[in-house]
Structure formats: structure tokens, C-alpha cells
């Protein structure tokens, strides 16, 4: 079991190192296969751990420490992996979906100059993500947390000749660094109080902390989670991150990394439970994000950006779920979301690949007729996303809405937001679907550049994921059948308040499905059949197209002042004062020297005069002092 | 040869090598080869010493003691503590890499050059092992002598001004230290660092600290830094920032904190503020620096601030983190500056406006620069992260705001370092980047890859340093007892 | 029958050896044919100074307890002997340097030069042992007059005569002051012997006596003049620049040694009751020298002038050791003198080489590339400059440490601060020299014609010796301090 | 017993000589006159020595004075030699003109 | 007594006047001659102070030998007229007077304050005080070394004079 976990963790790292080290001695294609293999080995390891854990029957999982990673005084942190239900679930998702996406990349990246680098990065990412989920203590979790950010940076900026890609990569990293920093601060508090970052010790400590302190800790963790999961206000990097290759978007910015925030909340829920306020803030944040992202998604014309906003929105659901206490619900949605969102991205990738990189949905009209498989796959994903039964999204999303509804007035607000989100989801998803795959004139631009359906390496993973997107939700149909919840209960027991009665479940499901369908219908009317004119609200539209001016606001609030401050410091402090003060003093000394030098007239009488004066003064002083 | 003489060997071997190079009329190639050999042997000696080091035992090891000036109680007293062992290791490894770099690029006037490099090695090792104040001071100053010539002769166009600034600034500090150490030594009747008692004098503390804050440097004593780092040959800049600056922070720990506990306590907030200022200010300026070395230079200043933050937080985590960070940052900045050198050799410039797009077709350069840059911004999981984490966790225990400032600096570090990476490697090809500019050659790889390798190894096991810097579990106690 | 006093010939053997070889050299000026004259005189002078070293070492060994000899007018003790060793060593080095670098014209007056050199050295070796005001004054004039002539001996060089005349007149003024001061002290105490003066002051309660302190002021001024301490220093740059460089090398090292060593003896032996006056006065003079010497040196371009100002600032440093009036100060002074004189001599010797090679004054400009052309001399200059600056490349480092320690021990922390600040300022111009010899390409330099090819063998020996002493004194601090301690032990503290 | 004016009067003269000699050195430019002024200063010292010798009734002062005479003669000898050399080199007999070395 | 006083006043007057004359004549020739007068008047003082031998030496060595040397040189280089006070900055002339005046006043003040004290009563001296024989004895006993080195000083000066004064063929060009 433990060996499986280590295997799972190390295989992708070994893959990354092997590809890097081999350099040009390995062919591009083989690099791709090597990477794929390493991730599937990891999946094998994950399965091994899963089976082992099942038979082992351990309640809280097993920690295996390789060696002490960091130690100072009483504080010490091992390089250890944790195998427990939560981590195994994540391992399975990460390595499984990851393996499929890496496989898909072989086709997608075929022909790129730097395929090797790509696959090395991909393996590195999978390793980092596994470290994040397997890390046996908070510090290793943070290490994985940072490393996924790094891999994300590397992969977003993969096409580094594009300034926009580089800028997006930097933005993603910096935003994530903010999250890392707040998490680190939260850890400092824990260390100060318990000298430990072990999960159990820390959670136990949290119980003894004052409410302010524990709220601060939770807030720090939430900062990290929000940054990683692109929740408002730290969300602006995610749409830009679509500059990366599409499989990257599928893997990192849809299936795995961005959902790490949910994992973090689930993992550290004992702390959040001590800090209910913060937990509710998280839920509210999720609600806000899911609405805002849904709205923005309505007007985007870049296929990947639409899906990206949809991702933000769906993660908003997960946060909502975790925030109200149904950690398992959040995790369940995380899993199904991984399936269908990866699917959507990969289907979109097929289209983009077929169109040689074109991402503007207005130029894709009619592609569906040329790519039927892709179209079906996309449709499966879209339906899962909207959450219509029996597609996977239905089961997971409705559980969250139901849980939210259960809470008092705040819960109602959250549930209303979530239901609004369901409507929006239907609308923007099918707007996308109808524009891209709807019936219509195949645009001229497509004809010339179209490559047809992609290669098998791409279609097979898409197919598998399409199936998973359909059936993935069936493993849990709360409240009647809930293996996921039970599986996770030892580590992420759902809060009592989040245990919704059956009536609520039904109510939530009905409402959500109805609203989702309404959205789909509206989209059909607007875009599928063009029966209705898209309402003209230029102000709103412009605001949404500018993503509600978040970027502009951050630019004006943070970047510009900081840059200006740096400029001012440099121009008005560093150069004139710090750098010049030394030379100025030196100038002063030199001037004094020139003064002394002028005394040295070369005239004998001056010299004698000074000698005589010196004598006289010395004598006077001596006489006076004696 | 007894075990104790290892330390002396570490000092004298490079000095003897320098002498041999100056005296023997060797060819250009043979000179470089001899120098490299000597520095590699030096590394070997250090490894042997590290292997024999007893990390469980407190107190000085490999110590040697000879009377030097009897009537003032000055002695030749050298020896190593665990943390000095690491700093010595940093020195010898960094120097070997830099000597190798000089060999690789074929510096003009090789005999003078390599002699000076070896001399510098000996002097720097001396700083870290000296256990007598005057001896420490002598080595502290002796480092400047070769530096002055190395920068002044082999440096860039503005080298003359830069050298003068470097020397005057650092000497301004260290001469006041001389005054302070005279007063201390005569007052307590010995210059021995081990035997000497603590002193409550605030003036003396400030005298010592001034030298260290200039050398490190902390804000606002860094007036010498930008010019020196820009004008020096890259390998010398690497030493300056990777090793020499650490002498400043080492001095803070070994002398300022250990010998002046009461003043250190009294001025703690002031110094923490300076350190934090260095951290933030350096980061901000690094973000605006227009060239490769400018960024790394200011980031070094920021890192010195961070280390000082750890040391003066006065906590166990802070001390351990500071030592770890000294070593990690030392290796990082050596690698970065050597990389800056390789970039400059290919493009003749370090100006970002003229660079860009170097990653295309140069995978080795790109990979190494990226790796080092990422390590430098302390990505979680790296050795530098471990150091930074410990330092900030330690300073949090002093007061929460230091950790918050440090956290801000984490973000700033990401900003400037990514800016550097993309300005050099990414986006459109710069006007000075030609297709003929090759990827890193074998020689260069042989220098930088081991450094990065050590860093990665440390990232995998930072505990190698963090738990082996102070005997026992509580560095605070060890420092309070003055490492006895 | 007059009972002439017992003459302890051994006590003055060094002086006699030097004087004797001076005489032989002088005879050589007349008797030896011109082509051989230089070699002959230099050899005689070299042997003479070597002999002087031997006898003074012997004297050191054999004079564990100090005493006064020949009617109490000369000290036979280790203080004298140690200074004599230093002086003779400087003389020997000067002979080695001068063999090739003095008086180019037809070897005219070469033998006389060596004779004068030795005579002047003899005067100094006497001066350091003088035991009363009269022998002090006479031996001062003895070596001064020889120096006046040596400064002007190469009167074809521009400025040589000017230097000689300036030195003579200012020197005359200074000696007149010293004389009048001696007269006043004599008048106040009726004594001229140092010991007797102190005794008289103690017996008759003369401390603070008007004539005594007035005399002390004038004596102090006269001696400070010889040390070229500010504000009595103004002749120094001009004379050092104008004099033939070997003479400058000799003056800058030997004269300072003699003046400082003797001043300490006079002040400690004859005026211990007035210590409250002269310690402060010397401290102020030291500070003035440090300030003025260093500041003026900052703006010099002529290397000899620069070194001259540097010697003023070093006089300031050594005066710190003198001014504290303690045994530690005395040790510091003696110790400091050893590396200082080696470095001062060595640096001027190197200037002499460059001067000869260029046929013109050496400036920072035309030093360009020197370090690469003449690696050994370049390295030596490098060592000297850094050593002067107090960096640990030579005994100057320990010397500064020592005098500052002495100042602190005396309770003068402020003087320590002044000392380190002065060192800081000095760094700028010392580094300037290193910069000139190494960091400017020699292509910037248009070599003046008219220089003669350098003859380096002997110079290298002399510079090498100076280098060895200056570096060696860093390593062998212990033994040197022991010497200094024994030497200082003969003075009353 | 000293006849005539007391020792102090002699010393006053000596002081005056010393001062006037110093003044001469300070205000005259002809090196010859400067040398003469130096002689006056030395003579002032000599007078003081002899006066004190008489006052104390001990011989050291007189011996000292005699030695000073010799020294003065020596200085003059060298000084005049320099003046002659200056003359030969066709240099101006003016110490203010001798300011080649300065700064 | 009176006679002594008269002699003293005359000599004093001559001494002061000639000293002033030395520094004020513009012709060095006259200055030199004035110095002879000065030296002569000093010789008178020496006699009054029972320093017979010194007085004699003063006249012979100084006024005789040294001054003759001076006059020769002045004749050789030609008397060059020069006004006192001229040349150089004004502050220097003022400063010169101040410095010289200060030295003078200091000594006078010191003497004046002491005049009533110990300086008032001079010792009785033996008749031989200051005689050549007495001086000679001192030279050979108490001050043997001073005597010897005086001769060396003279020798050195002589050699120096020869070197500086000797006239050899100059290098052409």
C-alpha cells in the first residue's frame, strides 16, 4: 500500500527527470510515451494504494516517512506521504485523468518543436500535484502547492515566444504566490502554537486556539485555496492561463490543480470547523464566483475562456459545498468536474487542433458536421456540466445545492445563488455548444484549414472521459446511496448541519434541473435557432467583456502604484541618496584636500610661517595650561 | 598532520597555491589548471573534514591555537562550529566553480588572476574559521584586497568607480569594527572569540554591526552594491554576493549576537526593521532593475535582509533558517551570476531591453536559468524555501508583522525573478541575441550543473543543514552560551 | 693632567663603523679612479652599514641593562640599539638602491654621496642615543646637514636645489627653535642631561615652571618638525619631491625613525612631570597630521608628493603611540616603525625605478601599466600600498592596531575613532596608486623619451627586502613585540 | 655676583634677537639675508645659553654655545654652497621664485 | 657698576639696532655688515657674562671666518636688491609679525613673571669661569662627546660645501 503511494509519487518525477536528462537522446514521440507511461504507472500506484487501503481498513490512513525533511528545535517535518481515503481519491483522479490527458497530448502536441520540454513539464506537474495530495504534513502540502504553481507557470508559458503567454504565466504564478504567502502565514501561526505542521497535531492545536487566531489561520488557508482555485478576488489569472496548450488547460486548469483549493479545505476542515465565519466566507466566495464567472462566460468568444470561466464557476460550487460543510459533496463534485471539464477542454482541443489553433468560436460555426465524434463528446460534457440527469454533474452539483439549502437564511441565499448559477451554466454552455456545433453554414475559413477528426491518441482519452462524464456520478446518489461520502467520512466527515433531509434533496434537484433546462432552452432560442435576438445591453456587455474590470482595477490599485513606487524609490532615493551619498562624501573630502593643497603654496615663507605659528601656538597653550 | 590542522590547511592550501602560481612561470593553461586543481583539492579537504565532523558535539572542532601577539592577548585561533563548517563548504564550492569559470573563459593575465582568486579563497575561509577577533578582522579585510584588483583589472567599463566605492564603503564599516574590537579586546583582556565574555556595550555592538550591515548589505548601507555587482567580472560578482556577503551575516551571528546579547536585544527592533527594509526595498528595486545583474544584485540584498531577519529574530527557527538560507542563497547567487556571465558572453550585454528569446534552441541554458531562477524565488519545496520558511516562522514568533513583511517579499521575489527569466529567455528575440550564440558548452555545464545539483539535493534534504548547524536541539540556547 | 672620562667604545661602535666607512668612501672619492668609484663607494658603504647592523645587534644583546656612557652623554641601551639596527638596515637598503639610482651625471659626487649617506646614518644612530640636550642638538644638526646636502646633491634635476634650500632654511628655523627651547630648559633647571632635568624638576618642584614649559614647547616643535608632523610638515612634500628619490626613500624612513624614537626618549626621560602637556599636544599634532596628510594626499597626482603626504599621515599614526606616553605606546611605536619604514622605503624605491625608466617625474598617469611591465615591483607596490592603508598585507595592519590599542588603553577612544577615519580616507589614494599601476592600460601612456633602461637587479633585492620585512612583520609579530618590549623597558614608564 | 643688569635683561635681548631673526626669515626673500636672519636666531639662542650659564654658574651653557657656533658655521657653509649652486644654475636669488615644488 | 651699565646699554642698543638693520637693509651686503656689528655687540655681552672664551670665539669664528665667507659669496653672486615685506600675500606679512611678535612676547612674559623669582639672583662664580682653560677642561671631560661630534658636524658641512660649491664641467645641452 505504502509502496504504491511512493511509486505513485515518484514515477512522474522520474519521468520528468529522465526526459530532462536525456535531452536530445530521446525522440519527441518517445518522450511523450515515457511521460504517459510514468503517469499511468502512478495511476497503478494509486490503485494499489486504494486497494490496499480498502483491505487495510485503516480509519485515518497511514503515514510513511522517508526522512526528516526539515528540522529546527522541536519543530520537525518529515518527507512523508499520507495514504488515507481523501488522498487516495485525489491520487486516483490526478493520475487517472492526468494519464488520459498526457496521452491525449501526444497527438495534440505532435509536431511542436519542444515536445520534450512539454512532456517533462507535464510529468513534473503530475508529480507536484501528487505531492500536494499525498503530502503527509502541511509543509509538504505547501511544497506541492508551490510546485503545481510552478508547473502551471511553466506550462502556461510553454509557448514562450508569445508575450501574452509569458504575461499570463507570470500573472498566474504571482497570484498563486500571494496564496502561498497567506498559507505560509497561517502555518507560522500553527508553528508558533504547536511547533508542528503534522495534520493531526495542527488540527488538535486549532481546537485550543482563540477564535481570532483560528480565524486568521483559516483565513490564511482560504487565501491559498482561493488563489489556487481562482476564486474572487484572486481569480483573474485563470482565464489568461488559457494561453497554454489546451491539454494543459484540461489537466491543470480544469481537472486537478485549480480544484486543489477544495482539497485543501477538505483536508484542513478541522481548522475551518473551528472558524465557522471563515468557512461561511468561503461559501459566500464560492457563490459569488459561480455567479460572476457564469455571467462573464456569457459574452466570451474564446472557446477556452468560456470553459475556463465555467471552471471558475464550478469550483465556486465546490467551495460553496465545502463552505457549508459537505466536504464529501465538494470532493464528489471535484471528481465529476474533473471528468467532464477535462472532457470539454479536450473536445475543444480537438476543434482547436483541427483548426490549427483557432480559438474564436465565431469562426468555428459548423465544425460539428465535420467532427461528429467530437461533437458528441462535447455534448456529453456539456450536459454533465449543466447537471442534467443522468449525467454525472447532476449528482454532485445537486448534493451541494441541497446542502446549502439546509442552512438558515444564509444558506438560502447561497442556494439561490447556486440555482441562479445552474441557469447560467445551462445558458453559457449551450451558447457555446450551439455556436460551435450548431447547424449552420460551415464558414469558409474552416474549409481550408480543417484536418478532420484527430488521431487515435486524442480520441481514445476523449472517449474514455466522455463515458466517465456520463457515468461518473452514478457512484453516489445521495441520500440513498453514498459510497463516496462513507469512503471519505473518516477524514472528512460531513458536518451534521450539512446532512440534508431527503425533501431538500428532491427540491434542490428539481429546481436545479429545471433552471438548467431553462438555460439550455434559452440558449437554443438565442443561438441554436436564432429565434430570439440577443438582448442589447451594451453597458452590461462591455462590463462583462472586460471581465468586470478586475484586471484594470488590480492594475490601477496594485501594479501601477507598486511600479510607480519602485520608480520613485529608484529615481528619488536610491540614485540621489543611497548611491550618491558615498561619492558626495568623497567629493567633500577631495575638496577639503584641494583646500589643504592650496595652503601648500610652494613659498618657503609660508612654510616657515606655519612652523613659526605652530611654535607660538604650542608655547601659548603650554604657558596657559602648564 | 593532526585532525585539528585541517582548518589551517583549508586556509593555507589556497594561499600556497596562490604563491605557487605567482612564482612559477607556468603557461596560461597550466596556471588555470593548477588553480582549478587546488580549489578542487580544497573542496576535497572540506568534504573529508565534514565527514569527520561530529555534529552531536557542541563547541569548537578542528581547533588550533597559537599565540600571536602575547601582550595584547591576540592569538591565531581557528576552528569550526557546525554552522561555520557549512559556510566554509559554501566558500570552497563556490570558489571552485568560479575559478573554473575563470579558467573556462580564459581570463587575461592568468597568473595574476588565478593567484588572486586562490588568495581570496584562503581569506574567505579564514573569515569563517577565525576564532580571534583580530584574526577575524584581518581575514575580513584581506578579502577586499584581491577583490579590489579582481574587479579593477578584469571588470567592466565602470570598474574603477565601482572598486573605489566597494572598498571605501566596506572599509568604512570594518574600520569602525577595528575600533570596536580594540576597545572590546582591551576591555575584557582577550581578543579570543571563544574565551571572551559578553559585553553590554551598545557602542561596541554598533561598531561591529556597522561593518556587517555594510558587508551584507542591509538597507540603506548598500550604496556600493549595484555598481560593484555590475562591473565586476561575473565570477567575482558571484563570489561577492554568494560568499562575501555571507561574511557579513556570519559576523552578525558569531560576534554581534553572541558577544553582545544585551545590545542585540536592545537594538533588535531597529535591526529587524533594517533587515525588513532591505528585504522589501531590495525586492522592489530588483523589480525595476534594467539588467540581469541588477536584478540579482538587489535580490541578494533582499536575501541578506531575510537572513538578518532570521538571525535577529533570536529564535531557534530563525537561526536554523538563516544558516540554511545563507548556504542556499550563496549557491543560488553563484549560479545565477555565472549564468549571467554566460549570457553576457553570448550577447555582450545584460540589458533586458536588448535580450530575450534565448530559450529558443538553447535548452540547457534555458533549463538551468529557469531552475536557478525558480530556486531563487524560493518556490515551495526548494532549499531556499525551507530556509525562508524557517526564517519567517522564526520571525513570526518575534512579532507577526515581520512575517507579514516577509510574506510580501515572497510575492515580490516571484515578480522580479519571473521578470528576469522571461526577459532573458522568453518572448521575442532580443537585438543582441544572435542565432550563432550557442547553448551552454560542456565546460559551462560542468560548472553550473554541480551547483544546481547540490541545490536540488539540498531541496530534497534541507535538514542536512538545518539540523546540523548547531549542536543540540535549541540553537537559541547554543547562541546564548556563545557556542561553547 | 685632565682625567678624561672612560670611553665605552663598544657603545658607540655602530656610529664609529658608519663614520669609518664614510671616511673610507670619502677617500675613495679622491683616490679611486672614476670608473671604479661608484662600485667602491657603494661596496664600502654597504659593508659599513652591514657592520653597523652587526654591531648594533651585538649591542642590543649585550645591553640588557641600560646605562649612560662617556660622561653621561650617550645611552647604551636596547632602545638605542634597536633603533640603530633599524636605521642601519634602512641605510643598507638605501646603499643598494643608490648604487644604481643616484647621480647619473658622470658619476660625479657619487662617492661623496655614499660618504654623506653614511655620515647622516651615523648622525642618526647617535641621535637616537643622545642623553643630553647638547648631544641631541648637535647630532640633529649632524645628520640634518648631511641630509641638506644629499637633497641637493643631484642639482641638475629640477627642484633638487630648491628642495635643498627649503629644507635648509626651514630646518635652520626649526633647529633654532629647538636650540632656544633647550636654552630655556637649561635655564629653568640648570641641567642639560635628560635624567638630570627630570631630577631637577622633581627636586625643586619645577613642574609647570614657565621657562620649562616654554622650552618644552619649542623643543617639541623642533622635533615635530623632524617627524614632519602637521603643522610643522610643510617642507615635507616639497623636499621629498625635489630630492633624488633614493634620498627621499632614506629620509622618509630613517629620519622618522630617528626623530620619533628620540622624541619618546626625551619626553619620557626628561619631561615626565609635564606629561599632561605633551601627551595632549602630541595627540593634537597627531590628529592634525592625520587630517592634513590624508586630505592633501587625496588630490595629488605626483606619486612622490602623494607618498610624502602619506608619510605625514603615518607620522600622525606613530605620534599616537608616542603621545599616550605608556610602555604599550612605546612598543606600538617601535613596532609600527619597522613595517612603516620598510614600506616607505620600498615604495620610494619603486618610484625611483619608474623615474629612471621614464626620465621624468612619476605621476599617477605615467604609472599606468607598470604593474604588468614589472610584475615583481608591481606586486611589491601593491603590497606596500595596501600595507600603508592598514589592510592585512603587512605589518602596517598590526601597527595601526597596536597604536590604536595604545590610544584606547590610555583612555583616548576618540583618538581611535580619528585613527580609523583617517585610515578610511587614506584608502582612497593608496588604492589610486594600485589602480594606476594595474588597472589602466599602458597604452594610455605616452612614454617619455630620455629615460634609461632600468637596472633592476639590486633594486629588486632592496625592494624584496622591504617586502619581506613588511610582510614578515605581520607574521612574526610576537618576536618583534618582544624586541620592542625589551627596548622600551629601558625607558622610565 | 653678576655685575650690571640682571640676567633677565640679557634674556630679553636674546628673545628679541630670536624674534627678529624669525621675522627676517619670514619677510625676506633673498636667501642670503634669510641665512643671516637664521644666524641672528641662533645667536639669540646662544645669548640665552650663556646668560643661563652665568646664572647657574655651570659650564654646560658655554660649551653648548660654542658648539652652536660651529653648527651655525656649518649651516652657513652648506647654505652658502646652495646659494652658489643656485647662482650657477642661473636661478633667481629669491625664495619666492623657488616655488617649482608645491601643491 | 655704572660703567658696566653704560657698556651694557650701548652694546644692547647696538645689538638691537644691528639686528633690525640686518633684516631691513635691502642690500645683503649691508645686512651682512650689520650682522658683524651684531655679533660684536654680542661678544660684549658674553664678556659681561663671564664668558671670555666664547666672546673671543664669537669674534674670531663668527665675525671673522663666517662673515668673511658670507661677504665673499655676496660679492660672488652680486648683491641683489630686495625690499623687505614685498612679495607674497599680505596676510603672510601680518602673520609673520604676529608670529614673531608672539614668540617674543611669550618669552618676555615668561621671563617677566619669573624675573622676581629664581632668576633674580645669579650664582657666584669662580674666577676661572669662562676662561679658555676651564672651557678646555670641560671639553675634554664632561662634554667630550659633544666636542667630538661638533668636529664631525663641521667636517660634514665642509664636505657638503665642497660638493655644492664645486664647479665641474656641465653636461652640454
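The chains carry the letters A, B, C, D and E, assigned in the order they are written, with residues numbered from 1 in each.
Quick note on the criterion: a residue touches a chain if its C-beta (ideal position, glycine included) is under 8 Å from a C-beta of that chain, and two chains touch if they have at least 3 such contacts.
Because the structure is predicted, anything quoted here is derived from the model rather than measured.
Can you give the shortest number of steps from chain A to chain B, where adjacent chains in the path must touch?
1
Which chain would you call central, comparing Cα centres to the global Cα centre?
B
Which one of the chains is farthest from chain B, going by Cα centres?
When every chain centre is compared against chain B, the largest gap points to E.
Of all chains present, which has the mean Cα position farthest from that of chain A?
Here the answer is chain E, farthest from chain A.
Per the definition of touch at the top, where is the C-beta contact count highest among chain pairs?
Chain pair with the maximum contact count: D-E.
Between chain C and chain E, what is the gap in Å from one C-alpha centre to the other?
Once rounded, the distance between the two centres reads 30 Å.
Per the centroid of Cα atoms for each chain, what is the distance between chain B and chain C, given in Å?
Distance between chain centres, rounded to whole Å: 43 Å.
Distance from the CA centroid of chain A to that of chain E, rounded to the nearest Å?
102
Taking each chain's centre as its mean C-alpha position, how far apart are chain A and chain C in Å?
The computed centroid separation for chain A versus chain C comes out at 77 Å.
Touching two or more other chains, which residues of chain D qualify?
Answer for chain D, listing residues that touch two or more other chains: 11, 14, 18, 21-22, 25-27, 29, 34-35, 46, 51, 53, 55-56, 60, 63-64, 67, 71, 74-75, 78, 81-83, 85, 95-96, 98-103.
Can you tell me which residues of chain A touch two or more of the remaining chains?
Within chain A, the residues that touch at least two other chains are 586, 597, 600, 602-606, 608-609, 612-613, 615, 619, 623.
Check each residue of chain E and list the ones that touch at least two other chains.
Chain E, residues with two or more chain partners: 88, 92, 95-96, 99-100, 103, 106-107, 109-111, 114, 119, 142-143, 146, 150, 153, 156-157, 160, 162-164.
Once the touch criterion is applied, which pairs of chains come out as touching?
Every touching chain pair, ordered by label, is A-B, A-C, A-D, A-E, B-C, C-D, C-E, D-E.
Residues of chain A touching chain B in their complex?
20, 23, 67-76, 79, 114, 117, 131, 139, 142-147, 149-150, 153-154, 157, 160-163, 166, 169-170, 173-174, 177-178, 180-182, 184-185, 187-189, 191-192, 562-563, 565-567, 569-570, 574, 577-583, 586
Hey, which residues of chain D end up touching chain E in the complex?
Where chain D meets chain E, its residues are 1-24, 26-30, 32-33, 35-37, 39-40, 43, 46-47, 50-51, 53-57, 59-60, 62-67, 69-78, 80-85, 87-88, 93-94, 96.
What residues on chain A touch chain D, complex-wise?
Interface residues on chain A, with respect to chain D: 597, 600-605, 608-609, 612.
Please output the residues of chain D touching chain C within their complex, sorted ascending.
Its residues touching chain C are 11, 14, 18, 21-22, 25, 31, 34-35, 38, 41-42, 44-46, 48-49, 51-53, 55-56, 58, 60-61, 63-64, 67-68, 71, 74-75, 78-79, 81-83, 85-86, 89, 91, 95, 98-103.
Sort out for me which residues of chain B touch chain A in the complex.
Checking each residue of chain B against chain A gives 161, 164-165, 168-169, 220, 222-224, 226-227, 281, 284-285, 287-288, 316-317, 319-321, 357, 359-360, 363-364, 367, 370, 374, 379-381, 385-386, 389-390, 392-394, 396-397, 400, 403-404, 407-408, 410-411, 413-415, 418-419, 422, 425-428, 460-463, 466-467, 473-476.
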